[in-house]
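Given below, in the form of structure tokens, are the structures.
Both complexes shown next keep subunit A, but they swap its partner, so subunit B is in the first and subunit C is in the second.
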Partner chain A sequence: MRKYSYFPGCSMESTAKPYRLATEYVMGKLGIGLVEIEDWNCCGATSGHTLSEALGLALPARSLALAEKRNPELDILTGCASCYARLRLAMYKARTDERAKYIIEKTIDMPYAAAREVYNFLDVFSLPDVREGIAERVVRKLTGLKAACYYGCLNVRPAEVTGAPDRENPTSMDEIVALTGAEPVDWAFKAECCGAAHQNDAASASRALPHRILRDAQSNGAEAIVTACPMCNLNLEMRQDGYVNRTGMDRIPVFSLSELLAVAMGASAKRIALEAHYVPSAAVLARALRRKDA
Partner chain B sequence: MENERLNQLMERAGVRQYDCYQCGKCSGGCPMAHVMDLKPRGVMRCAQIGSLRRILESNTIWLCTGCHTCAERCPHDVDIPAVIEEMRYEAAAEGLTRRDSKVLNEVFLANIRMFGKNHEMLLAGLYNMLTLKPLQDMASLPHMYKNKLLKLLPKEPKNLTEIEALVKRAEKWRGLK
Partner chain C sequence: MSKIGVFVCHCGTNIANTVDVERAVASARELPGVAFASEYKYMCSEPGQQMIKDAIEEYGLDRVVIASCSPRMHETTFRKMLKDTKVNPYMLEIANIREQCSWVHTDKAKATEKAIRLIRMSVAKAARDEPLFASSIPIEKRALVIGGGIAGIQAALDIADAGHEVALLEREPSIGGKMAMLDKTFPTLDCSACISTPKMVDAGAHPNIKLLTSCEVVKTEGYIGNFQVTIRRNARYVNHDICTGCGLCETKCPVKTDSEFNHGLSKRPAIYKLFPQAVPSKPVIDKNSCLKLTKGKCGVCEKVCPLGCIDYADEDREFTETFGAIVFATGYELIDWTALYGEYGGGRYPDMLTGLQFERLVNASGPTEGHIVRPSDGKEPKTVAIVKCVGSRDPKKGKSYCSRACCMYAAKHAHQILDKLPGTRVFIFYIDVRTPGKGYEEFYDQTRKDGAIYVRGRISKIYKDGDKLVCNGEDTLLGKQVKVMADMVVLETAMTPSSGIEELATMFGVARDVNDWIQEAHPKLRPVETQVGGVFLAGTCQGPRDIPDTVAHASAAAAKVVSLLNKSEMETSPMISVVRREHCCGCGACEKICPYTAITLEEIDDRVGAKRVKRPIASVNSGLCQGCGACTAACRTGAIDLLGFRNAQILEEVDALCL
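On to the complex of A and B.
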């Protein structure tokens, strides 16, 4: 059985309730064990590294060091792109930059060997055996659901930190989504930044970012956007009132890859609290479940 | 003096300013370029001609989202986000922090010190109070309450004193505030 040290991240404990429930459901079905890192703390995104290099590295490194101490044989997994970026950068810096490693260890007051990898859900769902497991456990198809797979910036960039093979047109999520019978659409804003980091402190300046993403998804025929990050998800949902007013377009459901997989694996809308979405998403999924193969 | 300082900062960022040949691909792909008063290419141009002031006083260093699109696409591998990060620390050290960014960062730090975790809506709420924008994003509050998306208080890390000590130790290194 696969097992990971799990870093839930702050959003999973509050606003990302359907994402959390669906992730637990899917990981349970796939037999992937998640061992929550004991006493983990906020990864610092995005103010930590705005304030200082040391804080930006030490906040994520503390949780990583705790994970490696408690479960030295386990790699680390997280479902949030911001957390992934901060955790993975701390790991990368500790491995490649002696000065950074020194600062990290002095600041967290613990050794941190960076011996284990940091992964996101896309990495794990793309492993050949896990992918096979997903295909086997899809008990109902989301036939023909036109889905725009949105990766966001931090799951793929910067290349030297994430190791993502294609940063302009990533495809791992599209391949996983296709296993459920849904149809990933071809679109241009897969890895554009949604600007979630500045929706508080530069609200009007950054509103255009989610709006452009929503518009490109819809112009390319998407009925829904699938995400791999609770911050992107929240941002793309919450900005839709302004989007609708500004463009006259309809709203578009946005939900996580975990939710899509959970529904295809048999979870009811209630089980994963789909009603908690700001933009209703149950109807588009139900419609796809009723649709027969053409 | 100013030139020496500029060169030190570029060295810290690990970027040689003359690697940039001003093609503009970075600005073309930057999602925040429409509101920046100095576009990413302009940052590199200023670094080349020794205009450190212009960079430190730009809104660019506070509006960059850190998305790394510019660095990904640069034909000469110029790491602009690294330059922007160094410039932000330098501007902060000179007391040039953009006001709204400063409020957000302070609220964030208070949050971390209190809970070890980031309480999203508390962060937004406090930020709004301090910047006199009480209604920003608050239209969603009833929805969030109804669906129990807000925990009143996040689960606390057992060792808040450890976090407090970490923040204190981090302050010793160059760059904080």
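On to the complex of A and C.
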């Protein structure tokens, strides 16, 4: 059985209830064990590193060091793109930059070897055997659901830290989504910044960012947007009033990859709290479930 | 006792500002064997050389040390000078006190000390110099030009006009290269075909030029004057000896595959001429798309050919010919932007063209007969964005260098759009506008007056919105983000060396630079030669350049070839390796390390005590040896010496430095 040290992150504990429930459901079905890191703390996103380099590295590194101490044989997994970016950067810096490693260990007052990898859900769901497992456990198809897979900027960037093969047109989520019978659409904003980090402090600069993502998804025929990050999900949903007023377009449901998989694996709407979304998303999923294979 | 003359050069202020030349001369006078020492402002100049010659005469000097720039710069100059004197040209040592001393130091006292030591080393080595005499090798009076673009054609014509035989080799089925694809040339707007096709015809008809189309170099042996080159003629499946080029077969072929010449903007049959004005004007069969050759059925071309030229059993053939000189004219390709610029859609949008695709689109003989329309829907664009430096000047994603021709052809493209489709909005995104060349700046100026809108800034993202291509970027002069809703985008992409250049360069032992362009022998003074004797460079194989520069470069290469072929034999450097047979143990270490395959083991009769034995020893082919010295370093017994750099001489230098 696959097992990971799990870093939930603050969103999973608060705004991303459906995402959390669906993730638990899917991981349970797939037999992937999540061992929550004991006494984990804020990853520092999105303001930590802008205030202090040491803080930006030490905050995520503390959780990683705790994970490696408790379960030295487990890699670390997180479902949030911001957490992933911070955790992975701390791991990368500790491995490649002696000065950074010194600062980290001095600040957290613990050794941090960076011996284990940091992964996001896309990494794990793309593993050949996990993908096979997903395909086997899909009990109902989301036939023809036109889905725009939104990776978010931080699941793939920067290249030297994430090692993602294609930062502009990633395809790993599209391939996973296709396993459920849904149809990923070809669109151009898969990994553009949604501006979530600056909605409060620089609203004028960042309000338009989610709008162009929503617009490009819809103009390429998407009925729903699938995300791999609770922050992206929240931001893309919450900014839709302004979007509808500005562009005259319709609202578009936004939900996480975990939710899509959970539904395809048989979870009820109630089981994963689909009703907690700002933009109702149950209808579009129900419609796809009713659709017959063409 | 030897009588050494030491001559220290100021090189204007290049050396004299950092090295106390007077002190260097004074200290040289004290060295053993030095009979005369002096200095001069420019030793390489006429009066400088005369001064050396006079001193040789007056003081009876028998060897010379010149402390100046790198020997790569002027050793040949001074050797030539010594030919007029009693001193053997190889009784010369250059102490490099410029590149390796004055240019890299700032502390004058320390630099002077270093210069003095460098001179001391050279004097010590000179004391052990011995006279060397060049030998000569015969020259095969034929040249091979590799690449049939405008550079190759021009070089071949110039060599042939001078009376020498030339083989013009091209891997495509026709000569013509990239220039044949272009519509008009900047800044005069000459029709490219009108000026290049007559040259193609001339090359095809010239009595001294043999065309080797559909051919590739597979192997080469030998050296300057005597290259044995093995060439493969790829199967054409059409007998060109009888074919008249009537073209009936092309009209009947059922296959439609992407046209290379039109860069995928149109289709061609499997039996095809590269383009209507191809030279030779005869078709070949593309074995990858022909139904008869891939699936064994069809055979229509064979049925319709009135002369029976079609031969499906044709095979690749190899043959070897001897050439005295080689010209690389292998040209360029455009960088594959689709792999590098995911943010521009990575090639997913059909209305984004490269510069060469646009040339075909706007060309009267192109797929749309010169109508500028979108490949996706055949509509005329109302707004066109031209993006420069895609892959050029972008070391993070593409190449660090400037591709030189793009600024001008971008302006030309804008001009052509505004000329053919008046009222179109044309935006040109640029980093800088570089227009060095006769009439170039004026052309750019005119294009702006024509209405092209130049925006300084890179494009960050291009994506499709409805039937528009949205170009997001920044106008760095306004400091504002800009967005152009374009109907068509033209990417002026970086030039890169032709595919296959690595193999070809390795075969001839020619060096490549960090970007794989062929390395010239000297960036300023030997721009058409390579480090390998007898191999010359023409056009863009050496680096990006436009047509006028390419033609000039090709003619320069031809002049070098002609001056080589005009001789019946040529001098070879006497600075080659020699084997002391009695010291050689026959281990073969030198044979393995030699990059020029100049060393072989041969068996000799020898005596061990009273016993006669056969044993192997190293033997150096003087025609192949380039004097690199790798063998002398590899030799365990010190049996191999490089003349001019004998082990004893090197040790003498070390002693002079350290003792």
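Brief remarks on what is shown
Note that in this section the second predicted complex is superposed on the first by the 294 of 294 C-alpha atoms of A that agree within 3 Å, B and C clash if a C-alpha of one lies under 4 Å from a C-alpha of the other, contacts with A are read in each partner's own complex, and residues count from 1 in each chain.
The working rule: contacts are C-beta pairs under 8 Å (C-beta built on N, C-alpha and C of every residue); 3 or more make two chains touch, one makes a residue touch a chain.
Given the structure is predicted, the values throughout are model-derived calculations rather than measurements.
When both complexes are superposed on subunit A, subunit B and subunit C end up clashing with one another. By the document's definition of touching, neither partner reaches A:291: not subunit B, not subunit C.
Taking subunit A as the reference, the larger set of touched residues comes from B, when subunit B and subunit C are compared. Using the contact criterion defined above for the overlaid structures, shared-chain residue A:3 touches neither subunit B nor subunit C, since it reaches no partner.
In the overlay built on the shared chain, the residue A:207 is in contact with neither subunit B nor subunit C. When the two structures are aligned on the shared chain, A:186 is found in touch with subunit C, with no touch to subunit B. Of the two partner chains, both subunit B and subunit C are touched by A:167. In the superposition on chain A, contact of A:276 is made with subunit B only, not with subunit C.
In the superposition on chain A, contact is made by A:216 with subunit C only, not with subunit B. Applying the stated contact rule after C-alpha superposition, one finds that A:141 touches neither subunit B nor subunit C.
In the overlay built on the shared chain, the residue A:103 is in contact with subunit B alone; subunit C does not reach it. The contact surfaces that subunit B and subunit C form on subunit A in the two complexes overlap at residues 167-168, 192. Considering their complex, residues 166-169, 186, 188-189, 192, 216, 219 of subunit A touch subunit C.
Those residues of subunit A that touch subunit B in the shared complex are 10-11, 13-15, 17, 39-42, 44, 46-55, 58-59, 62, 103, 106-109, 153-154, 157-159, 167-168, 192-193, 195, 197-203, 205-206, 208-209, 212, 238, 241, 273, 275-276, 278.
Per the touch definition, subunit B reaches subunit A in the complex via residues 31-32, 34-35, 62-63, 65-69, 71-72, 81, 85, 88-89, 92, 100-101, 103-105, 108-109, 111-112, 116-121, 123-124, 127, 133, 136-137, 139-140, 143-144, 147-151, 154-155, 157-159, 162-163, 165-167, 169-177. Remark: subunit C residues 341-343, 345-346, 348, 461, 463-466 touch subunit A in the complex.
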